[in-house]
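A short write-up of the structure that comes next.
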């Protein structure tokens, strides 16, 4: 499958770690959220938006909704990339589209749509009020 | 919030374990899939459908799609239940509706819709061909 | 194996969750630290020592050393208990002895010795200075 | 701290992933076993000893004992390496010495001694009988 690289703003390479596989010998469905999160956080960090530092400032970035389509399994020894792009939705929400492709043949393994919001004292804050977000999307 | 217990076929109680919380002090988004999976598997086991035994027989139950709405956070010390019901969708797919309610006030924390299929040699098999499924839904 | 219950101050029951098993079909070695930690924290909480609340007060309880002997494996569907006792070692260190027994036959699955210290601003503090510890051991 | 690189046969680089940090904001003690395991498995794979393939052949490599000294914490954003060497102990046991050093200053974060055995039908087998092990140590 040919990947249209223009679709994505960022990609991060991974390899499956054996402890991530469950008794079926494939990566457990929950582990994909770890992959997706780590790719989002390294992307944001590159844009100077630091998940941990924001928490220390009282702002929590949280996931409000996630949809994942699992197309193929990952297993021991597999190499893969998480590719993503980001969009705004209104004043409060960020949408990440994230795809996992197995290497070297770029087979689509999983697709996720992740909605995130920023909370301050438990309430949503406008994205623009968050340091660094203005330049993000 | 009043829970209509007739909506659910099964429930399983949990308590948050501290290692499940991330640096924000709340349960990480990926951990919810662990909770949902464990509730599905104990429900199926009660119906004599054993995830691990099926794997040994060459049948893998896998998640093909998951949608989660995160409504509120869970944190250290919280008690909660996962409630679920199950439906067939066509010949091949099971749909689990799963809700997490925080105790003691039954506040809805998260809702998930999980689609599952059974694979044999990597191909979907009809649910009816799986021992025990005939009586499930 | 007969368990001398007088040896232990506390026990907590668990069941193996399928996602905790790795591709060998047995609970992964790292997961045992989750079991041990959860048992320590629920024990401490019962003694009014709250891991999360202490963190909010600037005191971090951390593990400084752990030794584990793995005797037998745990697998899908297993029920087990973690039993523990606690001792002081000098002014600064707590020692937890923790055993995992598989039910119903009380077979010893793993033994751990866990050393813990309390840190404030990154430096060890005397156990006595921590609220609640005076009555612990 | 100067690292004597001759001490080690292998090293693997990592970065902390935010989901690996617990509510104290530091990598949870159990996660270190994931790091140590992944470094062992990639080392063995480089020596043509494939943990997953061995399992398919009925041979399980398991940890029988682990000792870890936690010297310093790892936190969000940290880069580190796991360095290791391997020794035989008798006919049946492998000993891995594994150190984690934080980059860029090579500060020792944790040291582990890990004993491993190979099981076939639940019984230890001589290391020499395992394909590839003859050339390992």
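Here are some notes:
So that you can tell them apart, the chains are marked A, B, C and D in the order they are listed, and the count of residues begins at 1 in each.
Note that a contact is a pair of C-beta atoms (placed from the backbone, for glycine too) under 8 Å apart; a residue touches a chain by one contact, two chains touch by 3 or more.
Worth saying up front: this structure is predicted, and the values here are computed from it rather than measured.
In terms of C-beta pairs in contact, C-D outnumbers the other of B-C and C-D.
When chain centres are set by their Cα atoms, the one at the greatest distance from chain A is C.
Separation between the centroids of chain B and chain D, computed from CA atoms only, is 33 Å. Rounded to whole angstrom units, the spacing between the C-alpha centres of chain B and chain C is 28.
Per-chain Cα centroids separate chain C from chain D by 22 Å. With touch defined as above, residues shared between interfaces to two or more other chains in chain D number as follows: 18-19, 21, 23-25, 28, 30, 34, 37, 51-52, 76.
By the touch rule above, chain A contacts chain D in their complex via residues 17-19, 21, 25, 34, 37-38, 41, 45, 50-52, 75-77. Listed in rising order, the residues of chain D touching chain B in the complex are 18-19, 21-25, 28, 30, 76. Touching chain B in their complex are the following residues of chain A: 23-24, 26, 28-31, 33-34, 37, 51-52, 55, 60, 62-70, 73.
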